[in-house]
Amino acid sequence: MSEEAAIPQFNIQIGNDLTWNVQPILHEIRHALDKLLETGETRVIDLRSIPLAPGEEDRIIDTLCCGEVHAKLNALGPSEIYETRFAGVWLVTHHNEENDIIGRFIEITRIPDILKSQHEDMSIAVHQLENELSEAAESNKPETDAETNT
Amino acid sequence: MTKDLSRKDRTLGETLRSQGVSRRSFLKFCAATASMMALPPSMIPTIANALEKARRPSVIWLSFQECTGCTESLTRAHTASVESLIFDSISLDYHHTLQAAAGHAAEAAREAAMEENHGKYLVVVDGSIPNGNNGYSTIAGISNYDMLIETAKGAAAIVTVGTCAAFGGIPHAKPNPTGAVSVSDIIKDKPIINVPGCPPIPVVITGVLTHFLTFGTIPDLDNLGRPKTFFGQSIHDRCYRRPFYDKGLFAETFDDEGARQGWCLYKLGCKGPTTYNACATTKWNGGVSFPIEAGHPCIGCSEPNFWDGGGFYKAISIPTENITKTTMYAAAAGVAAGVAIGATGRMKKSAAGKAHQKVTIDDLEK
Amino acid sequence: MTETELLTWARGPGFQIASIIFALGIMLRLGEILMLGRKANLAEAKGSAMSSGLRTVFSRTVPDAATFKRSAFTVTAGYIFHIGLFVVIFLFAPHILFFKDLLHVSWPALPSPVIDATSVITIITLVIVLVHRLRDPVKRFLSNYDDYLGWFVTILPLITGYIAFHRVGMTAPSLIAIHLLSVQLLMVVFPFTKLMHAFTIFLARWYNGAISGYRGVQS
Amino acid sequence: MSASFEKGYNALKEQVDASVASFFSSCVHCGMCSEACLFFTETGAPERTPINKTEPLRRVWRQEYTLLGRLGKIFGFGKKVTDDMLAEWETLIYDSCTLCGRCSMVCPVGNDITDMIRKTREGMAASGHAPPGLIGATKRAVTIGSPMGVKLPALQAQIAHVENDTGMTIPVDVEGADYMLLLSSMEIMNFPEFIEAVAKIFKHAGVSWTISSDAFEATNSGIQIGSSDIAAELVQRIVDAAAKLKVKNVISPECGHAYMAIRWEGPNLIGKSYDFKVVHILELLDDLRKKDRLRVKGRLKDRLTYHDPCQISRRGGVIDEPRNLIGMFADNFVEMPDPGKMNWCCGAGGGVSSNERADEIRLRVFQRKKDQLDAIHVDGMISACSNCRIHLEDGLEEYHMELPVLSLTETLAENLDES
């Protein structure tokens, strides 16, 4: 008998018995999608708030993934946003700067809010653009003039 | 100094913006924060709004009879960027394990913080307080008891981190040589948020601090002073192995087929049914696993007196003492008593037989 | 006293005290009964007392058709709550662990939803039985404190167990402690009330069967 | 000496044994025994529930023989037995119980309630709480030799009648006979045909038998009133007569409680086993049938049923024998509902018929028997107890029913093939 065989194998199975949360979540998604179509109401499911057995999260992701859209953010660490193969169902995973997952959500929406450009950021952007334009305008002035003045 | 003060006066939103954090990043941070505080995602806008306006509170961390496991837990938190953001936005003015200052300088910092933020600062306590002989644990010559009383006076609220501070914990276990007690045994006039666990889940510690930072209020607490968002449900009710319990599939030993199949650990003494904590959902090590997932029964570390709960490997439904013996002795005594009392009954009966006066037809009427 | 301390007390000294009173009480009661003895029958036997006695121990469980018809409610309700009590007490996994700890033997458990449903049925039946006891002229006439006390200490662990299983109102350590304490109340009261019939029924049926069987009648 | 509460209480203390203690410990007050008792089913009075009739004995058991009861007695708790209480229970124990034993058959925990009522009567009799009618009968049984006051000359007159009518000789005081026949007063006075029938059958089958002039009375009022001392005295007379005539067997006649007294209680009353065997007349007849010593002529076409006398069937164990015998001559035998060991009492056993006070209720509860009979529409009802028979005739008359009540022995005798 090899040494390896002597070590008991602990196969925590990912059989149907364990996946008692997968079906309910899929049902919940379906209902939320119905609602979205009917009333436009969006829904976010925090996967961290649900007791999942080992492998169940992967199974949910495997079941959903992947659709047409794949976006990446770089905001306080990377984030990955997929539209799943079910249109209107999005999978949002946030990582921190050390690449640890800090949040994972299923969003039932036309587009996750986090992808949209934010008002504050846009106003900062406008300012910045203005600044840059004015700076560019400044720098485009003929050097000779300045020299002349000095 | 003036620069520092101005920093303290800024809201978290202002602080973040000054660091060049985008609104989108802030929203991502809020989403992670909501998840950490075990609040529904629908709360994210509220959280964003509150965090935007949140001001940096002063925090005084007191360590009494403790093992530093709770601090270790906190500093090993995986969601580092979120923590760092939060710790950037709180002013940890005193923590004798983490701070650079020592001796008089450290105590002076504490006193200064207390004076400056009177009525507004947050006190975090880990470790129990010896209440038998105060000399068992002192810091800078000040007994734990005195320091707690003194520091608590001007506090807005107290957060106890770890089962020792919350319920007395291991120092309180029998025979409790130091007369260890919990914070709530001593402090009666301040709001106390208990975050028990040995150690508590790091995300739960930061989640509670974040709640206070975000909303400036005490979260909803259960009858043991624990935030309901994290301690509202038992491990058993949220355990992914619960279906096995309901089906009657149990691991009988640590290496049997049931253990390999990942069946319920109830029979191995799991205290999940009587333990309230977030382990089953939040999990440990950044959501990697928790004790039951690793194949070990819950020991109930976030409950009072968990150390004296009758053995970690004894199922809850089993008496803690040997009642087989008790029952056998009692039954034997019962047989003896039954025979003795029965014998008196028998004697009484035969006495009645002897006292019997023959009934003749003349004795049928009075 | 904290909840955990209460639970620990119930699991420790509580069970010790209850077991002592229960075991001692049962043995004392049985000793008290059996020590009275019974005179040998000098009449020539027409049948076997022993075999008839043993048969009656089992056969009395099933009433004859006419008796069943006349007492249909009592018999049916009696069956339901006795079987219910048996299932709930002896086939629930945590309970089996208790018996394993006590007796060092174990047996398979039923799934907890089955136990859950059975306990509901048993509780409802016991409530109906009480209502019937209060309304039926004969039962009301015969009943004394013993009947109501026996009913109370029997239904109490069922209710506390049901609540503990579903965690209603309080946290689990308190609920389980209350459940254990209610069981201990049952154990303490058991030997000194009509609940004792659980043991003496075997004696009573045996005597009845033996008395009849000796005369050649299967009772 | 006379009856006193103390004597009664002492008697109740004597009666408690392991079986009684088991029974009382097991009672759960389910009330099912009430449904087995015709005194309850026909009146609906909850106090007539059989187990309630044992209450005096239960209180004595509880206060004298249980730890809690004894402690309670010291501190003045618990219900006591008092003379007033016994007086209150008198009608329940004597007028509303025939000791039929049906409650003992249905009790789910197996209590022999009847046995306990029988024991309770010991205390009642000793404390002077027996019904006057039954006291009178008992006195006559002891002084005259028969509860109905039948003396030897009356029997001799009936024997002479039979001998004249049939030409047969009725053996009296024949030493060394195989069987000694006992008779109930009712048979002597009301049904002398019984003597004739027995003589005819025994002649037919060649049975050696006799009647004792010392002890011909089979009934035992001591059993009914609940006085073991008196019952033993009456049993002893028969034992002595059997010894004097050196018979091997004693025949108990068609009388229910007589069989209970001589067959089952007798040896225990006198404290020693018999030197002879006791057989019920039906047991003997069935034995003769088995040995092919009985031949019948033709078979009856009438629709017939059999009323099981409680003390013979349920309490006595003679259940198959009468059915075997009826099968010899009846083509259309039908059972009543609840036959055999579950049969309903006629309502007059256990001393009720000697207790004039109980006449009204005895006839009232006959309704039960009427219902049973109404269900089967028969041409005749056979029985094997002259007490049942008298009461059945009484009841049928009361309820305006036309139905002949027959003695099994007599019916068999009539159908013997004497060729």
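Chains: A, B, C and D, in written order; residue numbering restarts at 1 for each.
The criterion applied here is as follows: contacts are C-beta pairs under 8 Å (C-beta built on N, C-alpha and C of every residue); 3 or more make two chains touch, one makes a residue touch a chain.
Owing to the predicted nature of the structure, the values given are computational and were not obtained by experimental measurement.
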**Request:** Starting at chain A, figure out the least number of steps needed to reach chain C through touching chains.
**Result:** 2
**Asked** For the chain pairs C-D and B-D, which is connected through the larger number of C-beta pairs in contact?
**Response** C-D
**Centre-most chain [mean C-alpha coordinates]** = C
**Asked** Whole-Å distance, chain B centre to chain D centre, using C-alpha means?
**Response** 77
**Request:** Quick one: report the Å distance separating chain C from chain D, using the average Cα coordinate of each chain.
**Result:** 38
**Fill in**
Here the gap between chain A and chain B, centre to centre from mean Cα coordinates and rounded to Å, is 33
**Message:** Measuring centre to centre with CA averages, how many angstrom lie between chain B and chain C?
**Reply:** 40
**Request:** Hunt down the residues of chain B that sit against at least two other chains at once, touch-wise.
**Result:** 341, 345, 349
**Request:** Would you mind listing the residues of chain A that make contact with two or more other chains?
**Result:** none
**Prompt:** Which parts of chain D, given as residue numbers and ranges, touch two or more other chains?
**Reply:** 16-17, 65, 67
**Asked** Among line, ring, star, complete and other, which one matches the pattern of chain touches?
**Response** other
**Request:** All pairs of touching chains, please: list them by chain label.
**Result:** A-B, B-C, B-D, C-D
**Fill in**
In their shared complex, chain C is touched by residues of chain B numbered 167, 222-224, 234, 236-237, 245-248, 250, 266-267, 273-276, 300, 303-306, 308-310, 315-321, 323-324, 326-328, 330-335, 337-343, 345-346, 349
**Item:** Complex contacts: residues of chain D adjacent to chain B
**Value:** 1-4, 7, 10-11, 13-14, 16-17, 64-65, 67, 125-126, 128, 130, 135, 138-139, 142-143, 225, 227-230
**Prompt:** Which residues, counting only chain C, touch chain B once they are in their complex?
**Reply:** 2-5, 7-8, 11-13, 15-16, 19-37, 93-95, 97-98, 101-104, 108-113, 167, 170-173, 176
**chain B to chain D touching residues, read off their complex** = 341, 345, 348-349, 352-353, 355-366
**Asked** What residues on chain A touch chain B, complex-wise?
**Response** 8-13, 17-18, 20-21, 44-46, 48-54, 56, 73, 75-77, 79, 92, 94, 96-98, 100-103, 105, 113-114, 117-121, 124
